[in-house]
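Presented below are the structures under discussion, each in the form of structure tokens.
Look at the two complexes coming up: chain A is in both, with chain B in one and chain C in the other.
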Partner chain A sequence: MKRKNSKSVAATLTTATCALLGTTTTTPVNAQEEHAWEFDTALLYYGEGDSRVQDASVNLLAVRNFVDDRVLSLTLGVDSLTGATPIGAVPFDGPQTFTSPSGLRVKTRPANEIPLDDSFLDTRVAFSAGWQQPWGRLSSFNAGVSASKEYDYLHLGANFKLAHDFNKRNTTVSLGLAFSSDELDPVGGAPQALTSMLDVGDLSNRLGSQSKDVLDVVLGVSQIINRNLVVQLNYSYSSADGYLNDPYKIVSLVDPVSGDPVPRVPTPGVDGPSHEYLFEGRPDQRTKHSIYGQAKYYMNGKVLDASYRYMTDDWDVDSHTVDLRYRWPFSGQSYIEPHVRYYTQTHADFYRTSLDSSAPLPAYASADYRLGEFDAITVGVKYGRQLQSGNEWSARVEFYTSSGSVPADLLIGNQAGREIYPDLNAIIAQFSYSFGW
Partner chain B sequence: MKKLIMIRRALIAMLLISLAGCSSMGVEPWERDVLAKDEMQLIADPLEVAIDEHIYFSKEASSGGRGFGGGGCGCN
Partner chain C sequence: MGSPCELLVDSKSDIEAAALADTVSTEAWRIEDKFSRYLPDNVVSRINNSGGEVVTVDDETANLLDFAATLFEMSNGRFDITSGVLREVWTFDGSDRVPSKSQVEQTLKRVGWDKASWCRPDLQLAPGMQIDLGGIAKEYAVDRAAMLAAAGSGDACLVNFGGDLVATNAPKGSEGWQVGIDALGQDRNIAQKLIRLKNGGLATSGDARRYLLKDGVRYGHILDPTTGWPVIDAPRSITVAADTCTQAGMLATLAMLAGPEAESFLEDQDCKSWCLR
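On to the complex of A and B.
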């Protein structure tokens, strides 16, 4: 929690001094009271350019500190999402018609544009609760639950963490475990992997609801180096099993020479796709490993926060993330914090921009741009101010931009001269207020 | 043989020096004034971290590292 109880500390010191001097304090007794609850609240706007995803959210973190270092944390977040997102089909110089995810209507997208699905509208509500308490003199135990609900998705999770201090509490080792069990109930039913997008009303290749389970293990060590420097090193293992496809993403079947989508004729009298598209198919298992290192360094009032993460998985995605924040206090109660983040990833081994219609189908294929090869940069700044009451507000604006490159061997025919990868530009704006109650 | 002993002595010396380095890391309880500041916590702003991780989880193929990467969203 960011809120400071400077007023309470001052009041306590005054009282203590007065007690030592044998005088009575004139400070009202209630000034010494600690707030039972501490709240962090945030309003967030996330908006992508080109009328893509827009998200407005309200977020709350409530922390209740009890005696003996026992802490209850509750979070609540409500997201409202609208906008359009790339569906995976390749653009070409003619219009393309797609059956909507519900299977009830068609939508035509213009020529020479990366096809988007704009039927995207969702509300997400996420809740979590955590309880922390000491376990013996040098250890602490943490247990929590989480749940989130979207129109087509339900997440339920539980997590546990044990931490142990030693070396005069300069070193802390921790072990965390999290298990999540998610259920997907896509609009129109989850499509069977690598089957065709069908005419309106034909839901014969749709399955019922699907599930996925994720197990996470995090091993961490944090070490205080000196009065101004603390470092953290984590190893994480994550294993996901079940339906890992994005049920709304497709891959174009293309002509082996031109690279253009293969035309298709819907059943007479029925609307349907103008070209051959297959629903994507990913493996039903994924194992990820990551190493995360962080250092916080205090430099005469300023704080440098630097972190690095390396991730690798058995889908052949390798990524590097570097994150730097520099908190710069000024005029007593205010600070400004510039932030830079760099991210780069390789593409998954089954990432394809399209599939050659003359070749046998591969076991797995996805044209999801998030499984492609890309770099992303975030640049932002935050301004924060502590009020006389001890409450604090802050505002931040960040720009997130990602730009991908498709390896030449994945491009077929005319695709080489076209913009196939959907680059992304987004703005993140957040207003936060922290207070005690 | 003499060379081996020298290498062994050098290794032991290095080990002792690095152990001494380890024991000099850290602070005494009364030197924690700076480290106790809110802005020096490893996760100084938990709500912002959660928001950012949700955004990047939705847009990138990586997640977690700092904490649990888990599921919890149909966006990826």
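On to the complex of A and C.
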């Protein structure tokens, strides 16, 4: 065939075919090759207000689909954290000086502000690999490993999951197990729980590296109710053992009447803390139970995804999470997906804003705002678009706001009139691109 | 159709699905009965046994002959419904029985649409010539069956006659029907490529199991009617996606006939295609 003629072949063929079939129009072909590899790439920015934590991350997910439903998935994530985070000390009307986590210098924070530690800057690299394959006609098996490294933390994990379909494949039950072993090697060494923050250069209450083991078990049932509705119910058990403290968090020792930090005088000629602070101390065991329910409802291409989680643990933290997403496709290739999430939790039984200097020390204490009582709302929207090539990009913007409340019986003296709990506002922006190869 | 034929329907109703299956199979058998060259007493048999006499054909047959005439012109004689007699000397059974040059030349005298006189609705073949609509009729049947199915129901259907297929829509909750292209010469259950077809036709040309091997030369089963010899250096398999199965099938066949230039031919057509060499 002469090349110069060949371009007109398709056009002539279309005319001839329409004549043969007696039609004037045909629906345009829509065929896409399913690629062996599917990639999801994402750039994520998370930024807290008041120059607190900023996190930028790059995430890559690669999925290799083999025939017979065997799937290999690999993930790689790199993120970079900067900014400041509350260290747990109570604010009062004078400046406060703290020894840095390294124990090598001091930092003074202004009066009437929740003290922050802005010395951290970290890069984390995370990797995981998973393999899924059928096991017999109605079951499937999953196994995976994960690892992540930041300069003071190493995580290693392994996970397994078995799923079995029955009831004409309308019901799936699954059992998942995950085990992780983490090692912490904090800057300056992990402090001993409930010991004092010391002068610069004094590392006598610092320990070597610490470890933590976590076992997770998940039992799940998913049920297809009808063509439009799928529901999922999970029970999870999680048990953590080992060093569960945040080595960078402290609790103020305060005057039993005024509630102000107890002043301290550093050794002459040496810098040191201006007040009495203790490194936090948490139990070395935590057991969580949670129930998770999810319903996905399809309505002519639109999808409502609603979920609820209840978690309770032996630290007395109870939480409720409600999450709603509504995926709304339009113009064939695009969709818009509003998202609302509400979260509320009670405080841990050893949560304290500060410790009474006249009372004996409790067994455990933490002023970490994440163990306090708070509510959080996330509101966001995602826009996604499928390209002609079958590739897809999406952009997501979300706003997160949390506000805490400290029970009156935990506030001492002047603390009642001050803002003790650090409220938080954050913005989350993500751009994703998915493509096949 | 010489191959398994199936209809997949995404329907809530057994009755509707059964009615669609009935529509599709009735149309498939009607076309097979009418155009198969293996059956007596049909229009193809009348033409092939006309002994040089004029045969007047019905509208549908005339449409197919018009279509064949267009393809003959378009391909400079390489797509030729009269080339079937070459099979008298070529049997692609994996053996080394390659015919002699003179055998091929003798047979080639009875090949050539340009030797026929086609003046719709009258067709006159030279004595000894035959037509074979097998290269068009299967794809045509798939399109016809899919059109009838789509007219009779809004349900998503996949009509598949021996690997030539048409989808009328995607099954609910999916992006399309998943179609596998066989890995040639490998485990038959392992698909080399997976294609998600939502709308339109998909056809494959090529059969790696049909060839001759002599003196180290592999003769594939696609014959060039202008020479009487197999097309040299054609891909082992070509799959094309197009608006209709007929277009997809013809593009795949024309690409096969282009031999080493199959890929560049398909590129020029701006259609989605997959070649295996």
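Keep this in mind: the second predicted complex is superposed on the first by the 403 of 437 C-alpha atoms of A that agree within 3 Å, B and C clash if a C-alpha of one lies under 4 Å from a C-alpha of the other, contacts with A are read in each partner's own complex, and residues count from 1 in each chain.
Rule of thumb we're sticking to: a contact is a pair of C-beta atoms (placed from the backbone, for glycine too) under 8 Å apart; a residue touches a chain by one contact, two chains touch by 3 or more.
Being a predicted model, the structure only gives us computed values, none of them experimental.
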If touched residues of chain A are counted for chain B and for chain C, the larger one | B
Check the residue A:R264 against both partner chains and state whether it touches chain B (first), chain C (second), both, or neither.
-> neither
Which partner does A:E34 contact after superposing on A: first (chain B), second (chain C), both, neither?
-> second
Taking the superposition as given, does A:K212 touch the first partner, chain B, the second, chain C, both, or neither?
-> first
Of the partners chain B and chain C, which touch A:R64 in the superposed model: first, second, both, neither?
-> neither
Is A:Y298 touching the first partner chain B, the second partner chain C, both, or neither of them?
-> both
Name the contact category of A:R227: first (chain B only), second (chain C only), both, or neither.
-> both
Jot down the residues of chain A that show up as touching in both complexes, chain B in one and chain C in the other.
-> 1-3, 227, 298
Would you tell me which residues of chain B are touching chain A in their complex?
-> 25-29, 31-35, 37-42, 44-48, 50-51, 54-56, 59-74, 76
In the complex, chain A touches chain C at residues 1-3, 6-7, 9-10, 12-14, 16-17, 19-23, 26-34, 65, 67, 227, 298
Which chain A residues qualify as touching chain B in the complex?
-> 1-4, 40-42, 44, 46, 57, 59-61, 75, 77, 124, 126, 146, 148, 150, 152-153, 155, 157, 159, 167-171, 176, 178, 180, 182, 184, 212, 214, 216, 218, 222-228, 230, 232, 234, 236, 238, 240, 246, 288, 290-292, 294, 296, 298, 303, 305, 307, 309, 311, 313, 315, 317, 319, 321, 327, 335, 343, 345, 348, 370-371, 376, 396, 400, 402, 424, 426, 428, 430, 432
Show which residues of chain C lie in contact with chain A when the two form their complex.
-> 12, 63-64, 66-67, 70-71, 74-76, 78, 140, 143-144, 147, 168, 172-173, 175-176, 178, 180, 189-191, 193-202, 241-244, 246-248, 250-251, 254, 257-258, 261, 264-265, 268-272, 274
